[in-house]
Every structure is written in C-alpha cells, then in structure tokens.
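Each remark here refers to the structure printed beneath this line.
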Amino acid sequence: MTSSLPPFLVFFVGALLAAVTRGTVRKVLLVLVPVAGALNVWGVEEGYAWQLEFLGYVLEPVRADRLSLLFGYLFHLAAFIAVVYSLHLKKAENATVQHVAALVYAGSALGAVFAGDFISLFVFWELLAVSSAFLIWSRRGPGSARAGMRYLVVQVVSGVALLAGALMRVHETGTLSFGFVGLDGLSGWLIFLAIGVKAAFPLLHSWLIDAYPEGTPTGTVFLSAFTTKVAVYALARGFPETEILVYAGAAMACFPIFYAVIENDLRRTLAYSMINQIGFMVCGIGVGSALAINGAVAHAFNDVLFKGLLFMSMGAVMHMTGKTKASDLGGLYKTMPFTAVLCMIGAASISAVPLFNGFVSKSMIMSALIDGGYMWIWPVMLFASAGVVEHAGIKIPFFAFFAQDSGIRTREPPRNMLAAMTVAAIACVAIGVRPGLLYGLLPYAVDYHPYDASHVLTQIQLLAFAIGAIVVFQLLKIYPAEIRAVNLDADWFYRRAGARLVRRTGDAVAQAGVALRSAAAGVARPMYEGAFRAHGPHGPLARSWPAGSMVLWVAIMLAAFLLFQFL
Amino acid sequence: MREELVLRLAAKMMAPFILVFGLYVHFHGDYSPGGGFQAGVILAAAFVMLSLVFGLDAVQRALPLWFVRSCAALGVLVYAGVGFAAMALGANFLGYDALASDPEKGQHLGILLVEAGVVITVFGVMTTAFYVFADRGRRKS
Amino acid sequence: MNEKRSPDSLQPPEAGRPPAQHGPNSVPPRWSKRILLGFLGLCVAAVVAGFLADIHGEHPWEEVPLFHALYGFLGISGLILVSKALRRLVMRPEDYYDDE
Amino acid sequence: MTQHLPVLQVVIPLVLAPLCVLVRHPRAAWALAALGSLCAFGIALDIVSTVLASGPLSYDVGDWAPPWGIEYRIDAVNAWILVIVSLVSTAVVFFARASVEREVEASRVALFYAAYLLCLSGLLGIAATGDVFNVFVFLEISSLSAYALIALGQDRRALAAAFRYLIMGSVGATFIVIGIGLMYATTGTLNMADLADRLPGVWHVRTIKVAYGFLAVGCFLKLALFPLHLWLPNAYTFAPSAVTAFMAATATKVAVYMLLRFFFTIFGAAFSFDVMNLDMVLMPLAVAAIFSMSFVAILQTNVKRLLAYSSVAQIGYMILGISFASVTGLTAAVLHLFNHALMKGALFMALGCVAYRIGSVHIDAMAGLGKRMPATMAAFVVGGLSLVGVPLTVGFVSKWYLILAALERGWWPLAVIVLITSVMALAYVWRVIEAAYFREFPGDRETREAPAALLVPTWALVVLNVYFGIDATRTVGVAERAAEILMGAAP
C-alpha cells in the first residue's frame, strides 16, 4: 500500500512531540505512538519500498518483506508494552529524556529492520547506539555514566566496522543493497563482526552484561527488546546457513548459564540469560533451513515477550525496593503477589514449559538441529535449555519473591507497570496455547506441530528432573549461596587489563619522552646556551625564538622537498 | 630642538619645496621615474620632518590623526572610483580608454587620477604610521 | 590472593539486619514441604507417562530410556558444581572495579 | 552589468573597507561590512550558476587582453571557493555585530570591519584572479588584514600570536613570490592559462622544479600543513571569536585552493604526480597531520585551541584527498573544503556564543552548559557530530568520498585510518559534550542563553551542515565538476 508511512517516521515524529509535551498529554501521546505505528505497519505490504538517491547510489530506507515485517510487528508490540511500563516516570527520573530516547530508540530499531541498504542500516545502527545510551545515563546511579560510555564506545565501534565493511562491499560489488552477505572476504567478516558485537557473540558480549543492569528499570526493558534483536534480524538477513554461527550460538547458549548461577544481581542474571537465548537464535540462523530460520525468528519474537516480562518484573522490584541483588531480596510474594505471578509466567515461558511460548519456538530450533545433522550440537543445546530452567526459571522468581524473607515490605508497583506486564504475560500464554498466531507471520510456510505427546513429555521430564537436581542440591546445602561479589567476565579485558595497559603504555611513553628530551637536550643545550647568551633573557630576539623554530621547519621542508626531487 | 633657530628656519623653508617636489614626482610619474608611491612617501616625509623639528603636537594641530587616516581611506576610494567611472562609461573596470573621447587622453587621465589616489593613500598611511609610533613612544616615556 | 579467601569473608558485616545470605533451608517450612511433595508427584507422573506414551526420539541418544530425565538431572548437577568451581576463579569483591 | 560581476565580487568589499574608516561609527561600519558580504555572496551565487550552466567566465581588467593584462578567470573550482568564502563571511558578519561589540574596544570597531572587508576582498581576489602575481598581491592584502584582525583579540597574547603569524605568513608569501618569480623568469608570463600552455615545454628546466618547491612549501605554510602549522593554534585561540570563525572557515581553504591552482591548473596533474611525485610527498604529511593533530586535540583544555588543532587534522583530510591523484580523491578534497568550512564555522561561532556569556572557552568553564545554554550547546553538538562524520551531516559525505577514493586507489589501510581518526574526533568532541552535559554547573554563576543575534547565524550554519548532509547532490555535483577540471578531464 503506497499510503503507508515509513515505520520509523511515526516514532521519530512521536519523539519530537514527546519532547515538547508534558503530563497527561504526553502519556496519551506515548501510548498512541506504537498504536498508530502498528496500524501504519499493518498497512505495509510485502514489496513496499521507499527509495531515494544519495551520492549517486540508490538507497532504500524502507523495504518490506516477510522477515522485516515480522520484526516490525514485534517491535511495535514491544514498544507498546515498554511504553506503557514507563508511563509513570516523573521529572525526577529524567522522564523527558527517557521517553524521547525510548521512542527514538524504538524508531531506530524499526528503521534498521526495514532498511534495504547498508547506509540506511548504518544510520539506524548508530542511532540505536546513541539513543539507547541515554536510557543508561538516565539512571544517574554510581557507575551508570561510565557503563553508558563503555556501552556507547562498543556500539560505535560496531557501527564503524559495519560502515567499513559496507564500503568495501560497495567497492567490490557496486551495490549497497543489504541482502545475503556471507563470510567471503574482509568485507563480509567486518559486517559479521559488526553484527556480532550487537548480537553479543562470545568475547564480544561483555557490553551487554556491563550495561544492561546499569540502565533505568524502564530503560532496560527497552534495551532488552531492541538492540540484540536487530542483530538477530541482521544475521538472519545477511548470514543464514553460515556454519560458524551454529558453534558460536552453542557457545553463547552455554557459557552464560554458568555465570548466571553465581551472579548475585538479578538483572545481571537476566542479561546473561539474554545471551543464552540469543545463542539459540544464532544457532538456528546458522543451521539455515526453513525450519531453523523460522525457529530462530519465532524465538526472537518470544524472547522479546518473556525476557521483557522478566526484566519488567525485576524492574518493578527495583522500582519499589531499590534493590536487585538476590542477597538483598526475598519474601516479596507477600506484598507483591501479582508481580510474583507474572514473573513466574515469564519464568515458565523462558524455560520452555509446554503451553508457554518458549516451548513452541525452542522446539523448532532443536528439531532443526537434528534435521541439519548437527548431532553433537543438539545435546549441547539441550543442556543449555535445561540450564535456562536453573537461572531464569527458578533462580529469578525464587530469590526475589520467595527464599528467605528479607523483611522488606512494599506494595505492588504502579498500575501501568502491572498492565504492561499483564499484556506481555497474556501474549506469552496466548502464543503458547495457540502457536498458529505466531506461525502465520513467520518468513517461511510452517508445517510444525510442537504439541505431540513425545515432545511434551520429554520436555516435561527434562524440566522436572532439572528442577529436581536444584531441589536436591538446595536440600543438601551444596547449592552456591548468593554472595555480594563481582564476577570477572570478558569485560575485565578492557576494564582492567586495558586500563592497565593504557596506563603502562602511557608511563612508558612518558619515560621514553623524558629520555628523548634529555638526549636531545645534550645536543641542543650548547646551541641553545649560545643563543641564550647572545640574546639575553628577555631580549627581543629571545622572544621570537619560537617563530625562529617555525622558520627552521620551513627551511627543512624546502630542503627536503628539493632533495626529494633531485636525488 | 625647538630652540634651534637654524633648524626651525630651514625646516620651515624646505617644507613647501618638498611638497612641490612630491607633486612633481606624482605628475611626472607616467613619463619619468616616479609615481604615486614615491610621491606619497615624499609628501609624508615633509610632515615627518616638521614634526621632528616642531614637535608632534604642532603638526597634529594642522594635520590631525583623523584627517590622515581618512586620507588613507579616501585614496582607495579615488582609485576605485576611477575604475567604477570607466565601468559606468561602458569599459571594463579600470578601462581608461573610455574616460575621454580620445583613448590616448583617456589613458593619461586615468593613470593620473589613479596615481592621485595612490598618493593620497600612501601619504595617509605613512603619516598615520608615523603618528601612531611616535605617539606610543611619547606616552611611555 | 582473593581466590583463597572463603566466600563468607567477602560479606560486609551489616548490623541490625538479618544476614542477607539465603541458605538452602530458607524456604518457608510448611509451604515448602507441600510444594516439594507435589513436585515429586509431577516427576513420578512424568516418568510413568513417559513409559506409557509412544516416545519417538529424533536423536539417537533418545533411545536411552528416560534420557531426558537423566540428562536434565545430571546436566544441572554438573552445571551447579562447575559454577561453584568457576566462582573460585572469577569472583572478586563487589568494589573490584570501583577504583577505575 | 552582469559581465562585470567577476571584478565587482572583489572590488565591492575593497571599496567598502575605506568607507568603514571614514564613517567611524561602529554600527554603520558593521552595516557596510554586512552589505559587502551580502553583495559578495549574491554575486558568488550568480557566478556559480552561470559557470555551471555555460562554462568559465573571463574578465579583462582595464581592457588589457590576457596574457598581457590581468585576467579574472572563474571556472567551477574558484566559483565554488567564492561561494564558500562569501557564505561564511555573511554568516560571520551577522554573528560579529554582537560578538565584536563585546570583544573589541568601541573605538576600534570601525577599523575592525575595515580590516574584515579587506581580508574578505583579499580572499575573494585570490580565488577570482587568473594572474599569478595578482594572487600574491591579494594574498598580502588578506594576510596583512588578518594579522590586524587577530591582534585585536582581548588576550594580551593575541599580539604575540599575530606577530608570529605575520612572520610565518610573510615567509610563506615570500616563498610563493619567489616561486612566481622563477616561473616568470623561465616562461616570461604571469597569466595562469598562458603559464599552463608554456610550462610543459620547460619541464626539464631545474628552475621550474625549484619554483615548484618554493610554491609547494609556501602553500603548505599558508594552509597550515603539518609540520608547518605551528602558527595556527595560537592565532586561532587568541583572535576575537568572529575572526576565528571567519579565518578557520576561509583562510586555509583559500590556501588549499592556491595549492590546487598552482599544481593542477598551472603545472598540471601530469607534472605534479608523474614528475614531482606530489602524492608521495603529500600522503605521509597528511596522515601524520590527521593522526598527530587529532591526538593533540584530544589533550587540549582550551576548546578553541582544541578546534584549532582539529582544523589542522581536517586539513590533513583535504590533502589526503589530493594525494590520491584521482577525480574521486579531488572530489573529496574539494567537497571537504566546503563541508569543513560549514562545520568549523558553526563550531567556532557556537564557541563565540559561549565566550559571549562566560568569557572563557576553557573546557572546565563549559561544565553544565548543556542546561544553561541549550541552543548553543545543541549547535555545538551538531557541529561536532558533523566533524566526527556522523551520517546525515556534511562530515559523513566528505569521509564517504575520501574512503571511496582510498579504496579506488587500492589503499584500504588509508580508508581504515580515516575511520579510526573519526573515532579520535569523537573523543575530542566528546570531551566537550561530557563537560557540558554530564558535569554540574557551578552554582555561583548566573548564565543565560546567548542572544538571538548570535544564535541565528550560528544555527544557520548548523542547519546547512545537516541540509547538505542529507541533500548532497548539489555540493557533490559541483565538487565533481571541479575535480574533473583540475585533473584536466573537463574544460
């Protein structure tokens, strides 16, 4: 339909209006933006495109196909939920900055998934980075300024890599169009690296762990929905059936669960869980069959819902108590029963309990792995999905709402927060019960039935005995206690090793500089002293000495230039 | 120096001749060595000499700073004015041919007027520079 | 140096509050017993149903009886033990990065 | 009348300058300066459209036919320079009214505008003329008035900075006149087109190579190519804000134009690159300039100085573009002439707003200004982003063409260098943003937003930064045409 607007435009205009409105007007506006955007994107059909010419290249800032449309719907839903969740923000919480940044951020994510060429993608890529950084800075907590800065630097580096790769690709292929890229040549690897940073590939992941727990309670909900999902989209578009992704995905699915077990900060635990879930998606994209891609994007869709729900419930806890550490919390079910129930729905969904949405998408990826012949990756992913139960399924609700009573007495969070969480929870259950709702939107035609007895039973066995193991370990008192501590991760390399390296190099350079200067002084001093005696301390010639040295440079240049020509 | 009668008398007598010589150098500039730049400096030299002998204040009473500064500006206007006049008469900028009915006479007139502009400007600039420097030294001591 | 220290010594002492550490017995006792019993029932039911229903595995390992149950139990056991070991390697005091 | 435009372009500011001295009233002098700039801008726009539509313009001063008389010859290259200079001058002159009243003694304001107009006409003259000696004359007019303008700065060190600039500028001008003299001695002509015809016959003569060397070093000095940039930071730092904005956006650009004219039009691309290996001379210097000056900029605490060093680095980008010896590379260089003028003009004007209210441009003095002077700092941020090369700003367009040129030549490490140094630019721009937005405003000072008289011209340039970043067809079109002319691929 030609009457549709570019999807991102609705959000950008909304952001502009949000910047100048206050109070109730803005609240109404904030809710209206995703709704209007959704109505608009509903009218966008496959093949819709918007082109313009720039620097002699055809740019395609908007290009719709099934893949981008799916993410388009998803991002509108996510934006709606997150916006409702953040309606209560007050001036003291930097409401204007947060609201505007959130709308720009959501709009950029939409722009990125509809971008048909690398330049548009790059523009939205960087906009994503900058706008989301404000969601971290807005918290104004200790460390959030620095964490936001580290986050921004990593994201900007990712953008630079993307631009470099895109430029080389333009040079190689002559087109800017963003389609299948593949890992041939430096340009492919640069683009892969750029997306990998955003997708939190192993060793490139630490920005996520570092920054997400530093965001505002509401900001992190936005963060969890967009950045990594844009990366998943970009991988699905540019690198399907790239074998390395299967192994990268398996690594991503596994290593965070170990960290998640021992992490004390519950929002950081969720951040690890996020990498674990992206691992499943990356793995599916790597397999590359129709079923696998369907599974990966369906899982991305579901992850936005249940991970958003979990982040929202932890955000609600943080909003009401100011705490997110497992060691500080416990027993909140008495005063926050609704939140507890909603959190458990999220936990059940992420653990892929049958009748919840995680189940219908994760099983697709698992089946696709076997169909693709990845017989050794399948057990790894099965282990990872059992691990999810441990940290996200049990640990999060258990330590926050049950466990030992921390003595904290509070109330349910504001109504808008509850409403947002309820919407997400309903969506989780609805997709879990009626997978067709989601399957109809997937890029490929779906012929997959998650609910056969075999699937359901094996999954229940896996989950039940996984939980059993936790119970046994708890009862035997071997389960690792929650301890206030920092766990080293790959960010150590830049936060500590990098800092040390910079400091040491700085020292070394300074020392070398001193040595060089004293050596130079040994030669220059006699000359200088001669000049000093000749011209006196404050003589007119002494003052023009710097100009003299400038002229000396001129003479050197001329001599060098002429020598260069005549030798 | 103000008490040196010989110097004062000589300076008073020489000044008009210097001025006339300056004008000669100017008007003869298009046929013999000379021209606006030299003439301007010679004119300025007369006043520099006078102020050396009679003091800066005496000369500045006759020839105030604002006047010489305006001269510097005025000369440029004369120069450009000739250019514009030629343009108004249908030639290119500074196309002297158009200034008179006979191109050769036009060339004469044009060069003379342009050089007059140069004389005024150079005279103004030189005198201004002298005033500024002399004034500065006086205030400091 | 930090690795050698016992986990408890990392805790900052906080007066006037119950210790923030949650031991295994911190579940409210009356409830926990009922929940645990119900859970045990679920496990048994899952195993029994697994034998009754026709389970067609896709992976060769699924031929092993009760594969998923065993895998889930052993997997999580391993996960917890390895994580405990990991803690010795990576855990640092909470203010580790504060002097950046 | 239209046939006189090439000369009127230069002469109108030249005539208005003495009028400023005569009227002496500050506001009247300003009005004359504004009139001069506006006329120049209007004429430049007219000229550029004529040139693009129907080819080069030629004007014989005094009706003496070239190569004997002085010819003003304007093609796409210098029409473009005329637009840059007069556009920036117009923006700055409207900015200057309030800024100069605050920063310059009232008795000197009229003289300030006289010098400003002289400088403008000198710069326009260098661009417009087709006679190499005339280039030297206008170079001296613009330089001498620039020294005076810089010396008018409030800081006592302004005088010393202007003096050093004077020495270096004079050395540079002398080198250029020596080069011109040697060319004249060999060929007997001063007209550019005539020189271009005659030089190929005497390529083998050593005098010509020496002339080339003198011209090269003289131009390097004037355009502040590393390591001959030493005069620039002090001159920019201590000059009045309006002067800094004007000089930073125009003076070095015109010097780059001189370089292009001498080496491409007069000597010819073939001689420059095949015989003199100019690319091998320029590229290391450009890379060194970009790297070391960006690094120096990161460590500065005076923001004006920071931007001054950044200018030296940015000049490195233009020289890098030239050193690619290709149409794309020259397009990038010519494009960056315009784009850099826009961004540095906007940035220095935003700093002028800060100086107007706070009286300091030290980075610590700018703490918390994001809240107190939101419009000013927003202008700075947009200008800074443009400097970094963020998409949707002109900086991106320049970098894009530079990288394309590097890849076209197969020198992809240089493309990487351009990207890395963009991050360095982000670092120094960020230091200001960090101070302005993330530090608390010291509570004991009352500070308001800068007056509209300063903000409107600043934002005009900021808007152009974004406008030409989005719709780059026109600027790129002219730059490509200019590059083709310079490489000898088009008339």
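As written, the chains take the letters A, B, C and D, and residue 1 is the first residue of each chain.
Here, contacts are C-beta pairs under 8 Å (C-beta built on N, C-alpha and C of every residue); 3 or more make two chains touch, one makes a residue touch a chain.
Computed from a predicted structure; not experimentally measured.
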Touching both subunit B and subunit C: give me those chains, sorted by label. none
Contact-graph separation of subunit A and subunit B, given in steps at minimum: 2
With chain centres set to the mean of the C-alpha atoms, which chain is at the far end from subunit B? C
Where's the contact count highest, between which chains? A-C
Provide the C-alpha centroid distance between subunit C and subunit D, rounded to the nearest whole angstrom. 67
Approximate Å spacing (C-alpha centroids) for the pair subunit B, subunit D: 36
Interchain centroid distance [CA atoms averaged], subunit A/subunit D, Å: 42
How far is the middle of subunit A from the middle of subunit C, if each middle is the mean of its Cα atoms, in Å? 27
Show the residues in subunit A shared as contacts by 2 or more other chains, in ascending order. none
Quick check: what residues of subunit C touch more than one other chain, meaning two or more? none
Hey, how would you classify the chain contact layout here, line, ring, star, complete or other? line
Can you give me every chain pair that touches, using the contact definition above? A-C, A-D, B-D
Which subunit A residues qualify as touching subunit C in the complex? 143, 146, 257-259, 261-262, 325-328, 330, 367, 370, 375, 378-379, 382-383, 386-387, 389-390, 399, 402-407, 453-454, 457-489, 495-496, 499
Quick one: which bits of subunit C touch subunit A in the complex? Just the residue numbers, please. 7, 10-12, 17-18, 20-28, 36, 39, 42-43, 46-47, 49-50, 53-62, 66-77, 79-84, 86-87, 89-97, 100
Counting only contacts in the complex, subunit B reaches subunit D at residues 66, 69-70, 72-77, 80, 83-84, 86-87, 91-97
Which residues of subunit D touch subunit B in the complex? 4, 7-8, 11, 14-15, 17-22, 24, 59-63, 114
As the complex stands, subunit D meets subunit A at residues 160, 163-164, 167-168, 171-172, 175, 206, 209-210, 212-214, 216-217, 220-221, 227-228, 230-231, 276-277, 281, 390-392, 397, 400-401, 403-404, 407-408, 412, 415-416, 419, 422-423, 426, 438, 472-473, 476
